[in-house]
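So that you can tell them apart, the chains are marked A, B, C and D in the order they are listed, and the count of residues begins at 1 in each.
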Amino acid sequence: MKPAATEPLDLANPLRIRAAVFGATGYTGIELVRLLTRHPNVELAVLTSENFVGKRLSEVYPAFAGTCDAVLEPADVGGLSPRFDLAFTALPHGVSMEVVAALVAAGKRVIDLSADFRLRDPNVYARWYRPHQAQEILAGAVYGLTELHREELRRATLVAVPGCYPTAAILGLFPLFRERLVESDIVIDAKSGVTGAGRSASVELSFGEVNENFKAYGVAGHRHTPEIEQELGLIAKQAVQVIFVPHLVPMNRGILSTAYARVKEPITDSRLETLYRQAYEREPFVRVLPVGVWPQTKDVRGTNVCAIGYHAVPGSRHLLVISAIDNLVKGAAGQAVQNMNVMYGLPEETGLLRPGFVP
Amino acid sequence: MKPAATEPLDLANPLRIRAAVFGATGYTGIELVRLLTRHPNVELAVLTSENFVGKRLSEVYPAFAGTCDAVLEPADVGGLSPRFDLAFTALPHGVSMEVVAALVAAGKRVIDLSADFRLRDPNVYARWYRPHQAQEILAGAVYGLTELHREELRRATLVAVPGCYPTAAILGLFPLFRERLVESDIVIDAKSGVTGAGRSASVELSFGEVNENFKAYGVAGHRHTPEIEQELGLIAKQAVQVIFVPHLVPMNRGILSTAYARVKEPITDSRLETLYRQAYEREPFVRVLPVGVWPQTKDVRGTNVCAIGYHAVPGSRHLLVISAIDNLVKGAAGQAVQNMNVMYGLPEETGLLRPGFVP
Amino acid sequence: MKPAATEPLDLANPLRIRAAVFGATGYTGIELVRLLTRHPNVELAVLTSENFVGKRLSEVYPAFAGTCDAVLEPADVGGLSPRFDLAFTALPHGVSMEVVAALVAAGKRVIDLSADFRLRDPNVYARWYRPHQAQEILAGAVYGLTELHREELRRATLVAVPGCYPTAAILGLFPLFRERLVESDIVIDAKSGVTGAGRSASVELSFGEVNENFKAYGVAGHRHTPEIEQELGLIAKQAVQVIFVPHLVPMNRGILSTAYARVKEPITDSRLETLYRQAYEREPFVRVLPVGVWPQTKDVRGTNVCAIGYHAVPGSRHLLVISAIDNLVKGAAGQAVQNMNVMYGLPEETGLLRPGFVP
Amino acid sequence: MKPAATEPLDLANPLRIRAAVFGATGYTGIELVRLLTRHPNVELAVLTSENFVGKRLSEVYPAFAGTCDAVLEPADVGGLSPRFDLAFTALPHGVSMEVVAALVAAGKRVIDLSADFRLRDPNVYARWYRPHQAQEILAGAVYGLTELHREELRRATLVAVPGCYPTAAILGLFPLFRERLVESDIVIDAKSGVTGAGRSASVELSFGEVNENFKAYGVAGHRHTPEIEQELGLIAKQAVQVIFVPHLVPMNRGILSTAYARVKEPITDSRLETLYRQAYEREPFVRVLPVGVWPQTKDVRGTNVCAIGYHAVPGSRHLLVISAIDNLVKGAAGQAVQNMNVMYGLPEETGLLRPGFVP
């Protein structure tokens, strides 16, 4: 297979990572390909697909013609192993588990974009998904929210890329929970574009049903709830209860998460600004907005940025935080590339500092 | 002018209301025309417009050709007065105030769809809008949320039709506040289609900016906040604080309002169902959903219905209520027609029991 | 089953038609229900569904709660027969054929919205669809483009409702072909919203694929081509060749058809206006626009109207005609109701003169 | 001003172009910035704006934070001149003319994205736009459709970037007209996303009017007609008549152009494929599709590619060509960068070989 990478090798850093993408034709997979073809240290060595084996990626996604014309292969870990060093797995929950176990057994480093290795407690996983079949490697998985787990990522063999909703929510709330400024029960009202549900055939996701409609779903229990609770709990070092309600927006990309907390002591917008700026001052992919400015999903579309606005309601103990990401970039593929950069000692922004896509 | 009404006169109720619509070519105005042309007791006697005087309504909105071809006239209250009994005013805030005062002075009954007569305290109005120029008639205005003020509406001369966000929020929360089951500070995360902003030229509302975007706006203070606080306070007979954050959805119609409250005593979904069913059992335009079912905006599109779902989060004091309306019907024009029906002693559903518009 | 009709019986015309809708939960079916619940001479006696038997229609489409809460039944022609006089069949091609044959055998009048009885020549049908299994009743079917076949419709037992694209195209071209003013080969560039493809699960029709995209499809041969050729040929009394290219628009409803013809003799816009006005002067559902005005799909959304604009290109033999319809109304369900009105001797506009749905 | 370019200098080609973008905050301007920040030989030295002077570009378009934070300046040619070598002018028609004249007088090379220098005959320009005020430099302008005018571009001082519709249409028809295989009168039915109309405040372009609507516009004479006729005429070396009808699609980006021609002699799809492949075999940005495959706008979104499908209708003299571009890339900013590459002797793909943006 002809490598698809088009970036010139960075002479200052001649590292070359041979990467595989398992599940390259789903929405997360194709976004990985979009980012990796522009990464100077990556050679896209293997792309697998379940539905399009034997076709070129650019036949499935013609917008990649000329930049990635690789032929899609079956997900045969054994046969493909000699050709890559690092695997991104962008497969459905449950399916991913088995492939990841085989990859780890074959000595590969793995960045998994499914939910299979995000929850540390296999019993919690079992309750929200199904029995966990790879518990022996679960304990070693690192939760790949780079801003929180950078050190562990450097030596990680297996990374669990966070869910899209948790990424927006946790980054928005981290400074508050780290300082324990807010009560431990928190409301998160989140809104996502349609690609968060993946590329699949269903009446519910058809244009005629989604267009000109807005709805909540998973109200009584969405699978991202335990994930957010786990991470906020680790930050606060105490149990956290999350009231999480996701909504579906008639657009392709973007998540906006509006979190409502109650502060223990009154706080001002100005103090919040200081708190957030200090928490994220060295973070290349977190943008703390000035007081009174709010993020929009188009302001981060196509970028790896999480933009954050905040407001303490005067005369009350209420506080709100609005965070926006591109669900396919910072909420999935971009986060995964950021993880990779840390794992391989590359500058964290490598391949990710690009302008967004507007209008 | 040839009357536009196409419905046969109801022989059982021969009442004929000669109605005027001031501001018939805005989005609220045209929705009023859509509903009134199908109302058996209404004759659309006068339609005014600022921008399209002399044109037929069906030249501005060709979808009305054959059902309303009336010529648009200037908003000259004095000259038009002899030709109508009831006026709907769908004019901008501030502009409406003067026209309404003239109409009341001319002895007309008025249903005003602006914000000018919704806030009972002129000082509150002045703080959020501008100085109030018609305080002498403000005190007599009835807040036209029919479900709450039905009795006062029967004799009302001047009705202030509620804002679209308040309609969804208040109907969703009324049973909880009437029984004082929840704390008096409440979070309302609301999402609206674009027509809520009216029909106007602005870069911010242009397709290129709204499409593929989702954002919050008016975060630090939206004008609907004091309106919701006023009405919930009257219901609860105590001061209420509302944390209200509106968001813009890339669609034409619909509001979904997700309210988060804390109960004073633990409650179950089943008890909530009973509470809501009892509160609204005689209401033709409030649909209480079964436990575990959630409203979508398309489920009410084109109808005068407010659909309500609710959920008490197990193991917590948190409770959430989701309510959906069509912002142009129950959130504006439909509500106004419902008000009119009550004012004139007509069956409340008259002209409003129609199937929605899907897909 | 409680009848769903909400319109008062028209005292001037006490006819009551007991109607069945086979396939009531597809997009065409639900639009039929929307129109028929408002028809004063119709009792919606039977609604069938393949996927939702036992549910109420308003559970599948909550926007119909209160206006049509009928329970959906299996499509058992024999068992249901005693309960209705007229059947609308809104079933997939091929499936419809069998149900229609059974209905006709049971002595019912049938208005079929599939393609099964539109093509007069069973060999042509076989070439584009599959072998025809009900040829014995095919010959008696009337092509239900009311404006062209009104007389035959009065006595029809079986009506084949035209396809959505053919409706827009044929009405736009009829005056030209009747007078044989144009060459017999014609280009039709048509654009349709997504609901024309029905309500079904497919990746191709998913929001993520349709939104922010525009494409042609069926370029080398769409099934509506022979239908348009058949009808234009009958009008012109000579063979007609249609170059037909359909395109998919990211919206729910609406067809805009742009036809390009070459005139045999030079013609002016003014003469075209006269020609079109004369051809359609008595037609309640064809709107001939003034010279220089062009139809938009929103101008007919929710209505049974076909709006037509036309232009002779100065200094050339080229002429173009633009016609717009709502694909679910004039392109399907509205047309079917118009057919019914003619079949039963009712005024043709009955139940169909309603304002459109904007914005 | 800190240069915004983030690409490492290409060691193999150390050329550094100091570029100015006049009108950087319109939709064309911002797309130029998106592409130029990734071009290894460009330093974005000056960005001007009419409405946002003094603001950072990333305040107007936050998606550019970190990749282009330059401050916007007034369009003062004299004062800015020392700081740049090449100017891109993305200004309104008429306004551009004056700025371009000043730039040329100051000895700059100019790539103009307005319509002001596209039409060679000033009388034709005057008929469609206004009197031409810079005729002295008009004669020297090169029409920047790179595929057709590559040689003249190398030495050009002033380049007129083609209109978006003409780009799609001319590339789709060039092989046919060069060989004079088709009649000289041609039908072009084109469809464009909304950004083609620029970023401006107007009711017509507001979301509420554009969403869920499809329409033709400029039917009796769109300004791109003479531009297409001029270029096709030069190719064919004879007068060409274009019947051009543009339509507005409810999406942000993309043009699909469907052209209908009549061949002089019968032709097959297979022969067409050969013709198109030969015509474009060395073109990096023209993608000739296989027989039976058709372009979609999403297949080129975010890329500089024009994708072309074609079909000879069997048994007729009719032939159709479908071409798709991203109106802001190949239809404007990408084309301009391609022009620049040729003007400066750079490999033509420099900065333009990037994957598209899907979903």
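In this text, a contact is a pair of C-beta atoms (placed from the backbone, for glycine too) under 8 Å apart; a residue touches a chain by one contact, two chains touch by 3 or more.
Bear in mind that the values here come from a model prediction, so they are computed numbers and not experimental data.
**Q** Could you pull out the chain whose C-alpha mean position is farthest off from that of chain A?
**A** Farthest from chain A by mean C-alpha position: C.
**Q** Name the chain pair with more contacting C-beta pairs, choosing from A-D and B-D.
**A** So, comparing the two chain pairs, more contacts are at A-D.
**Q** Let me have the rounded angstrom distance from the C-alpha centre of chain A over to the C-alpha centre of chain D, please.
**A** Chain centroid spacing, chain A to chain D, equals 35 Å.
**Q** For chain C and chain D, what's the span in angstrom between their mean Cα positions?
**A** Measuring from centre to centre gives 40 Å for this pair.
**Q** How many angstrom between the C-alpha centroids of chain D and chain B?
**A** The computed centroid separation for chain B versus chain D comes out at 46 Å.
**Q** Residue numbers in chain D touching 2 or more other chains?
**A** Touching at least two other chains: 27, 195, 199, 208-209, 211-212, 250-253, 295-296, 298, 301, 359.
**Q** Flag every residue of chain B that touches chain A in the complex, lowest number first.
**A** 185, 187, 189, 191, 193, 208-209, 211-217, 219-220, 241, 243, 245, 247, 249-254, 256, 258, 260, 292, 294-298, 301, 309, 311, 313, 315-316, 318, 320, 322, 359
**Q** Applying the document's contact rule, which stretches of chain B touch chain D when the two form their complex?
**A** It comes out as residues 27, 194-195, 199-203, 205-212, 250-252.
**Q** Sort out for me which residues of chain B touch chain C in the complex.
**A** My answer: residues 6, 8, 10-11, 27, 30, 33-34, 37-38, 61-68, 195, 199, 212, 252-253, 284, 287, 295-296, 298-303, 305, 307, 353-359.
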